[in-house]
Amino acid sequence: MMENLLKLDNVNTHIGQYHILQGVHFEAKVGEVSVLLGRNGAGKTTTLKTIIGLTPATGGSVTFLNQDITKKPTYDIANLGIGYVPEDQGIFAQLSVEENIKVAMKKESEESKEKLEYVLNLFPDLKKFWKKAGGNLSGGQKQMLAMARAFVNDSKLLLIDEPSKGLAPIVIEKVMEAIVEMKKRTTILLVEQNFFMASKIGDSFTLIDDGKTVHQGAMKELIDNDEMKHKYLGIG
Amino acid sequence: MDLIISLVINGLATGMLIFLLAAGLTLIFGLMDVLNFAHGGLFVWGAYTGIFSYAYTGSFIVGIVVAILTGLVFGFIMEKLIITPVYGNHVQQILITLGFMLVLQEMIKVFFGPNVVAVKVPEYLAGSWQVGDIIIIKYRIFIIIFGFIVFGLFHYILTRTKVGLIVRAGVMNKDMVQALGINIKRIFLFVFMTGAALAAVAGVLMAPYSGSIYAELGMEYAILAFIVVVIGGMGSFQGSLFAAILVGLAGSFMAYYVPYLSLAVNMILMAVVLIFRPQGLFQAAKG
Amino acid sequence: MNKPILLSRSNLILFIIFLALIAFPFVMDSRTLTILLTQILIFGILAMSYDILLGYTGIVSFGHAMFFGIGAYCTAIMLNDFESTIGVFLGSIVVGMIIAGILSFLVGLLTLRLKSHFFAMLTMAISGLLLVVAEKWRDVTKGNDGFTFKAPDVFKDRIVFYLVVLALLVIVFITLKRFVNSPLGRVLIAVRENEQRTKSLGFKTLYYKVIASIVAGVIASLAGSLYAVSLRFVNTSVLTMEITLDALLMTIIGGVGTLIGPLIGSVVIESAQHYLSGLARDFPIFERWIIFFGIIYILAVIFFPKGIAGTLQSKYYQWKAKKVQTTNVVPLSKNKESSE
C-alpha cells in the first residue's frame, strides 16, 4: 500500500457568501496521477485552489506530507512542495519564458538546475522560445511553460487544472505524454473534463458533484461503470 | 531659443520631482491595487524632516538621508496599520488613505509649526552657469540628474534583480506569485516602503527648488502625481517618467505663455486621458 | 406628518427633536449658539447629500465641494447684483440647483463609468479645476479675497434665518428619506452592494448612479446657498477640498447610509470645531483639532464602518433580537454575528 501524500478530509470552502465545497474527501498517493472529475461547477477548480490556499478551507482539513496545511498561507504551502498550474495557466504575460521560470526557482542549486534541464528536454519548445514573452506563446506552449514552472519549484505534488482546455488534439497528445513522463518524478493531481485523456493517464479518480465527493476509486473501475459515467459526467 | 531651453530645463526639473512622487504611487497601485491618497503626506514629511535636519546639521546630504529614513519608517507604519486592514476594499482604501493624509498634514503643523518655512539651496548647488546667453540654474540640473539616476537605479532593480522580477510578476498576477512560493506580503511592504522613501526624497529635493515649504504642499504635489500616474498608466514605471516629464514641460511652458491655464492644462490632460483611455498611455499588462 | 404610518417610535423621537430645535432660539437667547446651530444644520444638509453618494450608492467623490461652491456663488452673486430680497434669494437657490444639476449630470456621465479609484481622482481634479477657474475669474468671484454682500432684510434676525434653514433641512431630510426608500433608492443600494450583479439583473447602473449624483449635487448646492447667506460673504474657500473633507468626515463619523448619521456627524464636528478651537487659546494642540477627527475617522473606517448612527442602530437591533431570542429560546449557535 502506497503512502498518502495529500489527504483532504471533509473540506468545506466558502467564497464570499457561497458555500462551494461542502465535504470533499480524497487522498492522492505518491507516484500516482489522481484525477478529479465532475461536471462544470462541481467544485473541482475550487478544490485545487483550496489545497494551494488561494481559497482557504473554512472547515475540514487538508494534510500534506503528514502536516496540516489547512490554514497555511499560499506561499508556505507552495514551499512545502506543491506546484500549481491554474486553469488559465497564470503566465506572466510580459515576462519572457526564462523570467517566468526564474520567478519560480528559489535557489540555484545543482538539483534545480538538473530539474530545469529535465523539463526543457521534456518541452523543447520552451528552450526555443527562451527569450520570448510569455503572453506571445501559443496555448499549448503556455500550458507547457506553466507545467515546467510548477515543476522546477521543487514540487512533490503538481496540481494541474484542465491542461487540455482549449488545445488542439495533437497538442493534447503532447501534454499527456509529458504528464506521463513527469509522473516518474512527482505525484500529480489533475482536474480534467476530457474523459478520454483522464482515463488514459489517470491511476485513480475522485468524482465530485455539488461540492461533495461522491465516489473515489481506481480509474479502471470508472471506465467500466457506464452508469456512473452517465450520471455524473453525462457521457456513455 | 534661449527661452525655450530654460523652459525645458524648468519643466524637466519639475517633471523629475513629480516623477519621484509618482513612481512610488504607480508601483504601489500596480502591485498592491492600492491607490494611496496619503502619498502627498509622505512627500511633505520628507520635506520637513529633511529640511529641518539640513538646517540643524548644515549638511544637505544628511537632510536627504533623514528624509529617506522618514519615508521608510512612515511607509512601514502606514502599510502595517493603515493599508493592511483594508486590502481589497477600494472604497475603504480611498477613505482611509485620505483620512491619513489629513492627519499627516496636520501633524506637520503640530511638530514644525503652521508657518511657511523658507529654504535655501545648499551653497555648492546654488548659483547658475552661463552658457552663451542662457542662464542655467545649477540646482535644477542637480534635480534632473538625481531624477535620472533614481530612474536608472530602479530600472535596473526592476529588470535585472530577483526582487524586481518578482515585483513585475506580482503586478501581472499576484496569486500566481504566491502559488510559486513567494510571500507577497513581504514584497508589498518592501514596495510600499520604497515608494514612501521616494516620495520623501522628492519632498526634500523640492524644498530648495520652490524656496519654501508648508503643510498643504503635499496635497498640491500629490494631485500632480495622480495626474501623472493616470496619464502614464497605473502600474507603469516607464509611463510615469514619460508622463511626469510631459506634465512638467506642459506646466513650465504654459506658465510662461498662458499663465492662467497652467494648472488647468494638466487637469484637462488627465480628464481627457481618463475618459478616452482610462488605462493610461502606457499600460501595465495584467497577466 | 399626519399619516399614521409615519408615527413610528423613531419618527416620534425625530419629531420631538424637531420641536426642540424650533423652541431652542426662543429658550436660549444666545447669538453664538444660534449661529453655531445654523452652521450645524447647513453642514447637515451638505453631509446628507454626500451620504446619498457614499452611503447609498457606494461611490466616493472628492469633488463634492464644487456643487456647494456653485450654490454659494450663485446666491452671493445674485444677491449682490440684484436687490437683496427674499425673491432673489429663492431665485438664486433655484438657479444654483439647476446649474449644479446640469454640472453633476455632465460630470457624472463622464466619470461614473470609471472604477472607484479613477472616479475619486477625476472628481478631485475637476473640482480642483473649478477652484482654479474661480480664482482666476476675479471679475466675478473676487478670488480668494472674496466679497461681502447684503442678505435679505428678514435674515437680519438670526432666528428667522435659523428657522428657515431648519425648515429646509426637514424638507430635504423627508425628501431624501422618500428618495432612498423609493424603488429607485433600492436600486442604488443594490449598486452599492454589488454593482456587477445589479448590472446583470438588467439595470443600467450608470443611469442610476448619475441620478444619485444629480440629487446629491442639487442638495449640496442648496447647502452652499444657505452657507453664503449665513456668512454674508463668499470666497473661493467654498470650492476647496476642505468642504468635501468636512462632508466626508461628518458622513463617516456619523454613519454612512443612514441620513440621520451625517446629521449627527455635523453636530459632532461643528460643535467640536467650535469648542476645541476655543480651547486652543490655553492648549495650542487644540488648534489642530482636525487631527483628532482624522484619527477617529481612520478608526471608524477600520472598526466602525457604520459610524455612530449605524453602530447604535445595529446595537439596538441586536438588543431587540436578543430580547426576542431569550423569550423564544433559539439555539445559541445561531446567535453568531455576521458582519456584512
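As written, the chains take the letters A, B and C, and residue 1 is the first residue of each chain.
Everything below uses one rule, namely that a residue touches a chain if its C-beta (ideal position, glycine included) is under 8 Å from a C-beta of that chain, and two chains touch if they have at least 3 such contacts.
Quick caveat, the model's predicted, so the values are computed rather than measured.
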item	value
Category of the chain touch graph - line, ring, star, complete, other	line
Centre-most chain [mean C-alpha coordinates]	B
Whole-Å separation of chain centres (CA-atom averages), subunit B against subunit C	33
Whole-Å separation of chain centres (CA-atom averages), subunit A against subunit C	53
Euclidean distance of C-alpha centroids - subunit A vs subunit B, Å	43
Where subunit B touches two or more other chains, by residue	none
In the complex with subunit B, residue positions of subunit A that touch it	52-54, 73-75, 78-79, 84, 86, 90-95, 99-100, 102-104, 106, 135, 149-150, 153
Interface residues, subunit C side, partner subunit B - complex	54, 58, 60, 62, 110-111, 114-118, 120-122, 124-126, 128-129, 132-133, 136, 241, 245, 248-249, 252, 285, 287-288, 290-291, 294-295, 297-298, 301-302, 305
For the subunit B and subunit C complex, residues of the former touching the latter	29, 35, 37, 82, 85-86, 90-92, 94-96, 98-100, 102-103, 106-107, 109-110, 114, 219, 223, 226-227, 230, 234, 260, 263-264, 267-268, 270-271, 274-275, 278
Residue ranges of subunit B touching subunit A (in the complex, touch as defined)	162, 165-166, 168-169, 172-173, 175-184, 285-287
